[in-house]
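In the two complexes that follow, chain A is the common piece, with chain B as its partner first and chain C second.
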Partner chain A sequence: MPDAPETALIAAPACRVGDSADSRVEANPSARTPTFRQSRAHRLMDRWANLAFLACSLLVVGLIGGILFFLASRGLAAFLPMAGNTGRTLAFSEVFLSADWAPSSDRFGILPFIAGSLGVTGLALLIAAPTGTLTGVFIAKLAPAWMRDLMRQVMDLLVGIPSVVYGIFGLTVVLPLVSRTWLGEAPASGFAVSAVILAVMIVPTIVSLSTDAFESLPSSLDEGAQALGSSRWQAIWHVLIPAARPRLITAAVLGLGRAIGEAMAVQMVIGNNPQWIALMRESTDRAPFLRALFTPAATLTTELVQELPNTPAGSPWNNVLFAMGLLLYLMTMVLILATRRLGHRKEA
Partner chain B sequence: MRVALRPSPTAKIVDRVMRVVLWAIALMFVVVLVLFVGAILKQGWPVLNLGFLTKMPETLDAGGGIKPQIFNSLYLVALSLALSLPVGLGAGVYMAEYAGKGRALNFLRLCIETLAATPSIVLALFGMIVFVQTLGWSFSIRSGALTLALLNIPVITRVTELSLLAVPRELKEASYGLGATKLQTILKVALPYAATGILTGLVLTAGRAFGESAILVFTAGTNASAQFPDFRLTVPGETLSVHLWYVTSDGTLPDAREIAAGTAAVMILVLLSLNMLVRLVDRTIRRRTR
Partner chain C sequence: MQIRFLAQTILAGLLLATAAQAQTVTVMGSTALGPIVKKAAEDFMKSHPGVQIAVSGGGSMTGLNQVTSGGCHIGISDVFATPEQDKAGVKNHNIVVQPFTLIAHPGVGVKTLSAQQAEQVFTGKISNWKEVGGRDQKIVRVIRPESSGTRAVQKKAILHDHDFSKDVLIQDSTGAVVTAVATTPGAISFVELEHLEKNKTRIAAVAYNGVACSNEAVKAGKYPVFSFGHAYTNPAKLADPKVKQAVDGFLAFILGAEFQQNVLKAGYLPVDYVKSLKTQL
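On to the complex of A and B.
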C-alpha cells in the first residue's frame, strides 16, 4: 500500500501552509526524502479536473456564441422570411436608415434610438471622461493617503448603487430641481439629466482604470520631469497623461460601453419619446440648445424596456426590437475589440 | 516642451490653480455621493417601518408592504450565486493555472471581457428567448436565476483568476516539491490562500445581482407570488429593484412614490451594510496576515 503514506505526506504541509503565512517557506521537516511520484488515483483525478476546468471555460466561450446566435435568430427574423413570422419582411434600409418610427402604422425606422443612444452616451462621456481621468491622476499622484482611501470608498459605493436607485433619484430629485430652477417648471426630462446621471454611473469605471494607468507608469517619468524643473501640474499634463494615453482611452471606451448598455436609469428620466427628432425640430418655444437638452427622447435600451413586453412574438415590431438588442451586443463586441487594439498598440 | 530648471511664475500659478481644480473635482464626487445617499434615505425614512417590511404588497390600494420582494431578492441572489459559482470558479482556475500564456488564454480572456461588458438588457433578451419562450418556463424564478447567473459568471471568473495569480509562487512550488499533483496544489494550497479575495468578490457580485433590474423584468417578471415564503422555482419572482421600477412606471398605486422611496432606502441600506461587511472582513484579514 504505497498510497497511504504518500497522501499523508502531501496533505500535511498543504494544510499548514493555508493557516499562516509565516510557515509558507519552510518545508515540512518530515519530508526529507520526498517521493516525486503521485498515486494513480490522484493522477487520474488531476486529469479529470483539468477537463472540468476546461469545460467551465468553454461554457463561457459557448455563452458568447449562444447569445449571438439566439439574438440573431430573432433579430434577423425581421429581415428574412422565417417560420413564426406573422407580418411582412422588412428591408434593411427601412429599419436602419429611416428615422420614422410608427410601429402601429407599419413603419420601423430605428435611427431615433441609435441617435438617442449615441447622443446621451456621448454627452455622458463628455462629462465623465475628463473628470474621471483627472480624478484618476489626483488619486494616483496628488492625493494624501486619507483622501486616496476616501475616494476609493466613494467610487466603490457609486459603482455599487443599482441603476433603478439612480433612476428614482433622477426622477424624484434631479428632474424637479432642474425644472424648477432653470426651466420655469417646464418638464426637464431629456438628454441633459440622463447624461449627468449616466456620467455619475460610469465615472467609477473610468476613475479606477485611469488610477491604475497612472500608478503603473514608471516613477522615473515623473521624477525626470520634476528634475528638469517642471511643476507638478506640468509633469502631469506634459508627461504623465501622454504616457498613459492608450490606457486612458481604454478606460473611456469601457465607460462608453457601460453607458450605452444602461437601461433602467435612463428609461426613468429620459422621457421615452420615439418622435423626439421631430419634436426637437418643430417646437419653437425655447432656445435651440435648451430644446436639444430637454426634449423627451428615447434610446435603444429605453425603447426595449418600454415596448418589448407589449409586442407579440414573431411580429415585425417584436423582431425589430430584438434587432436593436443585437445591435447593442455587436456594439459591445466592437468596443471590446477596440480596447484590445489599443492595448496592442501600447505594447508595440 | 519648454523647460526651465525651476517652474516659471506662470507655471507656478497654473500649478496651484490646477491643484485646486483637482481637489474640487474629487470632492465634488464625495458631495454627490453624500447628497445622493442622503436624499434617498431622507425620502424613504418616513415610510420605513416594520409594517412596510413585513406586509404583502397591494395592487390598487395604498399601504402595501414589500415582504415578498425582499424574499425574492435574497432568494434570486442566492440561487444565481449557487449557479454561477462553480462555473466562475472553474473558469477562473483554468485561466490562472492551466491556460498557459498562449492564444487560447487570450481568446478566453476576450470572451470573459465581452461577457462582462455585455449590457444587462442584452442578457435579458437572451434569457427571455431561451428560458422564458423556447423552454416555456415563462416569467419565473428559474428563468431569472439562470439569466442572472450569466451576469455573475464573468465577475467571479475574473476575481478568482486575479486572486489565484496573487498566490506566492514559492507556496505552489513547495507543494509540488512535496509531490502533490496540480489538483491537490490548487485545492489545498492555492484556493485556501486565495479564498479571502474570492469571498470579497463574491459579496460584491451578490450586491450587483441584488441591484440588477433589467434582466429580471424580462425573465422573473413583475409579479410576486401571493404565498409567503414561496420557494417554488416556477412562480414569477419580483425583486426589490424590479418592484421599485415597476411601481414608479406603472402608476396604478396611489402611494407609488412612497413605496418607491421606501424600497430605494431599503436597497441603499442593504448595499451600505454589504460594503461595510466587505471592508470589515478585508481589514481583519489584513491585520491577521500582517
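On to the complex of A and C.
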C-alpha cells in the first residue's frame, strides 16, 4: 500500500476504516483533494457509521435469536417442570403422537394441526407449482414483449396483496359458490378451498422466481434445441425446464414457506375444527379422501391465532401453543435451509 | 433559540408534573366488554377530573393474567377467574349481564328448541333438522374456539357440560360466526343477543324452551341463558391508597343506578335484573 499511486487512494472506498486509512493519509498529505478529504471528522464518521451498521445487524441477529429463545423457553415449559407453570407437565408422546385435542379436558394431541398444516400446504403447492412454472415459461419465452411487461407488473402487484383480502374473497365468494355448485349446499370449508386460496396466494411468488430462472438461461440452449429440430414444446420440456430445475425448486420451496406460515386467509376458510382426524375416523364414507377435502380442519397457524390470546399464561394449554409456534419456526427454518442448499447446488 | 428551548422544557415538565398528580387507573381485558367500560371511563373522568382511566383490550385471559400479576388495576373478563387466579387473591365484581341466544340460518324451518333438543343438537345426537321438526337438512354446528368465553357459557348452559360434537365449524369471532350462519344452509350457533338484533335480516332467532331471548324475558326470570361481565381487582397489588380510592370509585360508578341504565343501550342488562337468580356463568 505505501507506494500506491494517488489516484488509487482517491478511489479507495471510504468504508474501509482502520489503521491503514490513517497511515495512508499521513504518508500522503497531498491526497487531501476537495472532493475526498480524509479529515478527522470524516474518519470519525466512518467509524461511527461502521458501528451503526454493526449494531443494526447485531440487532437483527439478536431479534431472531431472541424470538427462538423465547419460543423455546415457553414451548419447552410444556414438557419440563419450570417456574411459572400452573398445570401438570406433559409427556412428548401425548402431545406429538396423539390426535385428540381438547385442552379444557386436559388432552393435548397436536397431530391434527401438524397434519393439517402439511396437508393444506402440500395441496396448495400441488396446484401452484405447475401453474406457476408454466406461467414462468410463458412470460420468459413465449409472450410478446408488451405482455411480458404487463404480466410482470401484475405478478408484483399480486405478491403485495394482504392475505386477509384473499381470506375475505374465499369466505364470501368461493365457499358459498363451491357449496352451492357441487356439495348440495353442505358447507365447503376444509382443505380443498383453503388449498386453492393458498395456491392463488403463492402463485405470484413462484411465477416471479421461475420467470427469472428461465430468463437467466443462455439463449443458446433454446436456439440449439430448435436448430436440432425440436418443436417449441419439446425444447421447453426437454431442455429449458431441466436446465432451470434447481431454481424452479427454490421457487417452489419459497412458495411453500409462504404457504405454511399463512394464518389469516386459511383461518377464514378452513373451518378450524381440531377434531377433524377423529371425525374422519368415525365417518363411514365410501370416498374418505374426497370427504376429507371438504371436512372442516385446522392447522398450526390457525389454532395459534385463535387460542393464544385467550389462554392463561403458564398453563399447559398455553405452553403447548408455544410449542406449536416453536415447531412452526423450526419447519420454516428447515425450508429456508433447504432453499439455501438447493441454491448452492445450482452453482456447482 | 435557547430561551425558547428552555421555555419548552419547563412547559413540558409542568405538564408532566400535573399529569403525575392525576391518578391513572389502567383497565385491560375483554374486547367485548371494552366499549361499555370505555364509555363508563369517559363519564367517570368528566365528573372526577383528577382521575385518568386508560382502557385497553387484549382478551379476557390477558386481563385476568395482568390483574393477577399487578400489570393493570382492573381486569375485565367474560369468564370467571381460574382457581389459581382466585388463590392469588383476585376479587370479582359482576358489572353487567349478557344475555345469549340461539341463532340459525333462516331456511331451517325451526323456531324453537327444547333444552334437551338444544343439548342434543350440539352434542351430535341430533344431526338433521327434520328430527326437530324442520327441513330435511344436515345441521351445521358453528361454534367459537375452545378458549372463548361464549363457548364456555354455551357448554355450561346449553350442553350442561357435555362435550361438543366433533363435527363442528369453528369461527374466531362473533362477527365471523354470524356471517357463517347467514351464508351456510342448515347452520346453527349461539351468540350474544345484541348480535341477533343487529343482523335480524340475515339470521333467524331460535327460542329456547319456547321462550325467545329478550331483555324482558331475562328480567322476568323466564330466560335462563346469560352470563356476567366481570371486573377483577387484586387488592394485594393496590398498595397506593389514592389509586385504590380511584379504582373503588370507578367500580362503584359502573354499578351505580345511573350508569346501569346506560348499559341497556349497549346490549347489556343491569346487574340487579338478575339479582334474585342464581347462575354460575
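In the analysis below, the second predicted complex is superposed on the first by the 306 of 348 C-alpha atoms of A that agree within 3 Å, B and C clash if a C-alpha of one lies under 4 Å from a C-alpha of the other, contacts with A are read in each partner's own complex, and residues count from 1 in each chain.
The definition used in the following text is that a contact is a pair of C-beta atoms (placed from the backbone, for glycine too) under 8 Å apart; a residue touches a chain by one contact, two chains touch by 3 or more.
What you are looking at is a predicted structure, and each value in this text was computed from that prediction instead of being measured.
In the superposition on chain A, A:Val165 contacts chain B only, with no contact to chain C.
Shared-chain residue A:Met147: touches chain B; no touch with chain C. In the superposition on chain A, A:Asp156 makes contact with chain B only, not with chain C. Judged by the touch definition given at the top, the superposed model places A:Ser105 against chain C, while chain B stays out of reach.
When chain A is checked against chain B and against chain C, the one touching more of its residues turns out to be B. In the superposition on chain A, A:Ala278 contacts chain C only, with no contact to chain B.
Of the two partner chains, both chain B and chain C are touched by A:Ala313.
Of the two partner chains placed by the overlay, only chain C lies in contact with A:Leu175; chain B stays clear of it. Residue contacts after overlaying the shared chain place A:Val305 against chain B and chain C alike. According to the touch criterion, the shared surface of chain A, contacted by chain B in one complex and chain C in the other, consists of residues 171-172, 267-268, 305, 309, 313.
The touching residues of chain B, when paired with chain A in their complex, are 1, 3-7, 11-12, 14-15, 18-19, 21-23, 25-26, 28-30, 32-33, 36-37, 39-40, 43, 86-91, 93-95, 97-99, 107-108, 110-115, 117-123, 125-126, 128-130, 133, 150, 153-154, 157, 168, 170-171, 174-175, 177-186, 188-189, 192-193, 204, 207-208, 210-214, 217-218, 241-242, 244-245, 248-249, 257, 260-261, 264, 267-268, 271-272, 274-275, 279, 289.
Partner chain C is touched in their complex by these residues of chain A: 86, 102-105, 171-172, 175-176, 179, 185-187, 189, 267-268, 271-276, 278-279, 282, 296, 298, 305-307, 309-313, 315, 317. In the complex of the two chains, the chain A residues touching chain B come out as 6, 9-11, 13-15, 17-18, 21, 24-25, 27-28, 31, 34-38, 42-43, 45-46, 49-50, 52-57, 59-61, 63-64, 66-67, 70-71, 73-74, 131, 134-135, 137-139, 142-143, 147, 150-151, 153-158, 160-165, 167-169, 171-173, 200, 203, 228-234, 236-238, 254, 257-258, 260-264, 267-268, 301, 304-305, 308-309, 313, 322, 325, 328-329, 332-333, 335-336, 339-340. Contact residues of chain C toward chain A in the complex are 58-62, 64-65, 82, 84-85, 137-138, 140, 145-149, 163, 166-172, 176, 179, 183-187.
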